[in-house]
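Two complexes follow with chain A in common, the first pairing it with chain B and the second with chain C.
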Partner chain A sequence: MGRPVAIIGVGQTNHGRRMDVCYPDLVREAVVRLYEETGLNPDDIDGVVSGTMPSMMEGVALTHFYFADAMKAAGKPILKTETCGSTGVSIAHTAYYWISSGMADLILAVGHEKMNEGDSQATMTTVAEPFYQRYFIAGAPGVFSMQSQMWSVRYGLEEEKVRDAAAFISVTHHDSAFDNPYAHIKIRVSMEDVKTARVITYPVRLLDVCPNSDGACAVLFASDTMVKKLGLNKVAWVKGVGYRGEEYYFGDSDKAVWQSAVGAAQQAYNMAGIKDPRKELDVAEVYNPFTFQEMMFYECFGFCGLGEAPDLVLKGTFARDGELPCDPSGGTLCTNPIGATGLIRTAEAALQVMGKAGDHQIPGAKTALSHAMGGVDQFNGIMIVGSEL
Partner chain B sequence: MAKEFKTIKTEIRLPYELAYGATWTKFFEGMENEIIYGTKCSKCGRVLVPARSFCPRCFVNTDEWVETAQEGTLTAWSYVNYSYFGQPIKPPFIGALIRLDETDVDFLHLIGGFDLSDFDLVRKTVKNGMRVKAVWSDERKGHVLDIKYFEPA
Partner chain C sequence: MPGKVAIVAVAQNAGAESKDNFYDQAYVVTKEVLDKVGLTREDLGTIVSASSDIYHGGISCANSYYWETTGAFLKNASRQDGESLFAFFYGVMRILTGHYDTALIISLCKGSENPENDACTLMYTDPFYTRGIGLQETMAAAFQMRLYMERYGISEEQCAKVAVKNLQNALGNPYAHKKGRYTIDDILNSERIIDPLTAMQVAPKSEGIVAVLLASEEKARELTDKPVWFKGYGSSLDSFYLGDRDLLDGQLKNAAERAYKMAGISNPRKEIDLAEITEPYAFQELLWCEDLGFCDTGKGGEFIDSGVTQKDGDLPVNPSGGVLANNPYVSRGLQRIVEATLQLRGEAGERQVNKEVKTALAHGTHGFAGQCHAVAIIGS
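Entry: the complex of A and B
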């Protein structure tokens, strides 16, 4: 195992429809906030890693070059990490590996996206191979909805109960977004609103799906040596990382029990020494662009047994005041600038264990899980952080 | 009222010519002749469809060709009711995973052949595990849409 690594600071933009700024200025907004928060400056940094969704999203290829100035990266080693929806967690992993290997002490990690400038689902569809599958996947909602549909039928779950549980998740996350100053969608919705909204990709309706957001997130990772040198006591130590991919073709692997999600979580739990995640985790930031899919993740991550999630959701087990609060930030459901979204999950997990999550702080949170997923139902990544080394 | 800032409309169009290679070429020749080709892995014995040049699990070449059944059962589906730029199929449509008989992976395609305009009717018609069969287009071009859709059998 490499040397210990901690997250020492977070900067986020106000996420939303940000046609008031050009893309580089949006990125810089997050970076400037990070430096204001930490009191450090770009001269202190050993390297920079950033990432986005495919270039077709905004029509600029290799954005880490475009944003070299906005990230103050000139004269430093620079990397881009791109794993579709899981990009943000992969950026965090890259920063972790970089420092843990001993090659750097302070790494700036930046995720960003400006989804309102292009056509997000047309972009997403280019992730699928062009001969056969691209005709049918219908963007992200198409494949992920099919997966949720498969899951609910696999476990013989009553359609109405699953529908209610998904609506409950939508209502509670939309409420939580009001406590997150950076969240995009801030609307009060009722169970009835969610259940009668327009069908987008059955079973997903309009209020079961995330928005197109513009936003950026910057996170500073430091070695244990640097944490000591700076005399910091409120940091988020990286306790576990996990990442798994699957075979490419949608249809080749079972998606109802999503093996890459199971495997990524298991790898991270093994590293963090976690045996009973529901008891040992204090909060989780699960990547949840679709309400139905969030329940599958609870099961894949061992928060509950297979097919049990809807009952526990309706009991409030994963609500803000429940046994394992999930997405107190409002999650991806309310804010999704995709290249930033996974890193926002990690940033939010870090803020929770540092006690800096403000109005959506889970009192006394010491251990938090962050997650992101992506590809044509293909990749899952996890990072677990804790307040103690 | 916040000040409004200017935007610029732009676009990027690039032509491509993508190589199919031998395996996809034969698969699409099959489509033109109302044949769905799969390949069988000599190591794990799975029949993969569409045909592959190698088994992604065993990482060995798959050169045993199989004409698969044109009927199967529905594994999963989604009623797609939104659109995006360049969408190849006009919504509403139903994307579906179909397990063709005697194959070992799900084949992604469409189900149809009935009224898709009313979602509540669709919900009553479509059930996981239902039997479906391929319906071919009269004008086939060696393309995956030579199968118009799979209809309830």
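Entry: the complex of A and C
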């Protein structure tokens, strides 16, 4: 449907606590790197999509104004996509639809966040409305811990096994981050370290949680005719897009089998013609700010049956050398500049199928899934990319 | 253009202040626009909303809040920030790809739950250099107006005429927040907010939950006898710092040129029958008319003097009363589409113009002195 669209280049900042640059310069770093990497320049671009999480996290509203020059978007058509935590993947979707509709040939997508300039959890608390939910939904960990508990209780999962599996995810992702030059948190941790770390909201402990990162990501999308015109052969074709959202009030939806996650993946699989994701995908960049939640995603995305994830995690099915490696970049767990994070997932998936992921390359990866989630446990978005059209 | 997209229904809940809460207001408008063509929520393909956290009553991640009340439960929906014409265009794109045959575009801004507009626009500034001096949108507009008058000899009276015209036009618009018969003196003698802008030349803070239902060509013919077709769209963003820009040589020309090219329009003054323009400050209607190619550069004053833009003129501009009459910040661009659609369909009631309208232009702008512009062309 529509015209084929490919990702032809990626630019990322060195994510972390970037007190050396102001927010526009952080954005500029990603955009300049993208242009350096692709050899293209802003004159070639038909339009720009940008986005962030609640823009008030850093105290600047409608940030496309502030970053017009940093994104080299002055004089360009612009769209501004925001869908809370899933913003990054939604930006990628916007770029995809823009080109696929025939309205453009080259679109720059930019996601950004400079979380160390604000208080992310205070901002996130304001996502909940002030009358009923705000008093008990304090930031992200509260919601996601409740969800993890709901899931493990639903399937009668043994607490210790779930704890071990989550710790295993933490250890392996932290190890992977060492192979990603752009990752924020680079520390070696042991299973014991994770299991004895400070409790944030039970059962989530400090090493089960992502950091606050400063970072930006720029991704260049092109039409098939532009790919041909530029004579490119290593590109990542967009094979599937999916997105679903559910109710605002936390108690209104079943979070143990997360319908929006199931539905978003299904929509993307249908478009990509994928029936057995564990076999047909070579790598997945799952949005995993919390280790426990990552296992739920494996199940909702059909990587395994419901309630099966902890066993498979402990068997290494989703490790770097496993059957379906997940988050070889270290994932959101090690790097989370929220408005950029989903786009980083898509960028990492693209790098994998282009064979450009460097030290964290999964050998021979041809099809990759990227994912982001957001809202008050509400939204899930997927983009699947592949090396072949 | 790869295919055709039509507007098949419109709805709005706008004005000064509604007693309904945001949630209910959004539901009512969503239901109304679907009911108009007999579509159920289940039939609906996709939804693209427009809203901004800063204009969202203190709730961040605005679309989390109204997700299900705009019909989006377990659907593929998305959101645009700042300008509702962005959402309109995104909806058009989603249909053109063939993934969806209907798209609900809904913009939500409940002014009565927000602080004053300029308390919000102050937050566009960078925190280091310009916020400290209190720069906001009205101040930037005042700079722009002063420059406009000095460079081209536009008079304060000519600027005030826009407010006289639009507030009078608004008498025919049940959704208008401000309306009335005023003289140029009334406008100029109202409180001087930021020189040279007086209070009546500045748009109010209003409510506007505005919906447009889009459909593919095939679906449109099934749903309505009076489709209004998408013809063209263009947008453009300017540099951030006011000092880096010529405030009278902005990005609207670029946005318009892109929209005209897509719509195959070479002489906008002749080919466009009616325009709904976002003029949060009265003089901007004159300046935007120049940039849209309705008259020559610097001739915006003479243009309004000629009477062409009056409701009974040859090229009516803002027969709805425009943004001076109703200003739900994020929603105003999409509201221009709604008003233009009603005119094209002959359904604008008391504000219907007397001439035949076949091609109409809708314009949206946001940001300091028009940092960003979007233009859409629609036609019968």
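One rule holds in what follows: the second predicted complex is superposed on the first by the 389 of 389 C-alpha atoms of A that agree within 3 Å, B and C clash if a C-alpha of one lies under 4 Å from a C-alpha of the other, contacts with A are read in each partner's own complex, and residues count from 1 in each chain.
Keep in mind that, in the parts below, contacts are C-beta pairs under 8 Å (C-beta built on N, C-alpha and C of every residue); 3 or more make two chains touch, one makes a residue touch a chain.
Keep in mind it's a predicted model, so treat the numbers as computed, not measured.
Trainee: Quick check for you: in the superposed arrangement, does A:Gln147 touch first (chain B), second (chain C), both or neither?
Mentor: Touch status of A:Gln147: first partner only.
Trainee: In the superposed arrangement, which partner chain does A:Arg198 touch: chain B (first), chain C (second), both, or neither?
Mentor: Only chain B is touched by A:Arg198; chain C is not.
Trainee: Using the touch definition from the top, say if A:Tyr135 reaches chain B (first), chain C (second), both or neither.
Mentor: In the superposition, A:Tyr135 touches chain B alone.
Trainee: Classify the contacts of A:Ala122 with the two partner chains as first (chain B alone), second (chain C alone), both, or neither.
Mentor: The answer is first: A:Ala122 touches chain B but not chain C.
Trainee: Residues of chain A touched by chain B versus by chain C: which partner has the larger set?
Mentor: It is C that touches the greater number of chain A residues.
Trainee: Touching A:Tyr248 in the superposition: chain B (first), chain C (second), both, neither?
Mentor: Once the two structures are laid over each other on A, A:Tyr248 reaches both partners.
Trainee: Touching A:Met19, do we find chain B (first), chain C (second), both, or neither?
Mentor: So A:Met19 only meets chain B here.
Trainee: From the superposed pair, tell me which chain A residues show up as contacts to chain B and also as contacts to chain C.
Mentor: 59, 130, 247-248.
Trainee: Tell me, which parts of chain C touch chain A in their complex?
Mentor: Those in contact with chain A are residues 1-2, 52-54, 58-68, 72-83, 86, 89-90, 92-94, 96-99, 120, 123-128, 234-241, 244, 251, 254-255, 258, 366-368, 371-372.
Trainee: Which stretch or stretches of chain B touch chain A in the complex?
Mentor: Result: residues 2-3, 5, 7, 10-12, 18, 20, 24, 28, 48, 50, 56-57, 75-82, 84-89, 91, 93, 95-97, 105-110, 119, 122-123, 128, 144-145 of chain B touch chain A.
Trainee: Per the contact definition, I'd like the list of chain A residues that touch chain B in the complex.
Mentor: That would be residues 19-20, 59, 119-122, 125, 130-139, 141-143, 145-147, 149-150, 153, 198-204, 247-252, 255 of chain A.
Trainee: What residues of chain A sit close enough to touch chain C in their complex?
Mentor: The touching residues are 1-3, 22, 24, 48, 51, 53-56, 59-62, 64-69, 73-84, 90, 93-94, 97-98, 100-103, 123-124, 126-130, 242-248, 259-260, 263-264, 267, 374-376, 378-379.
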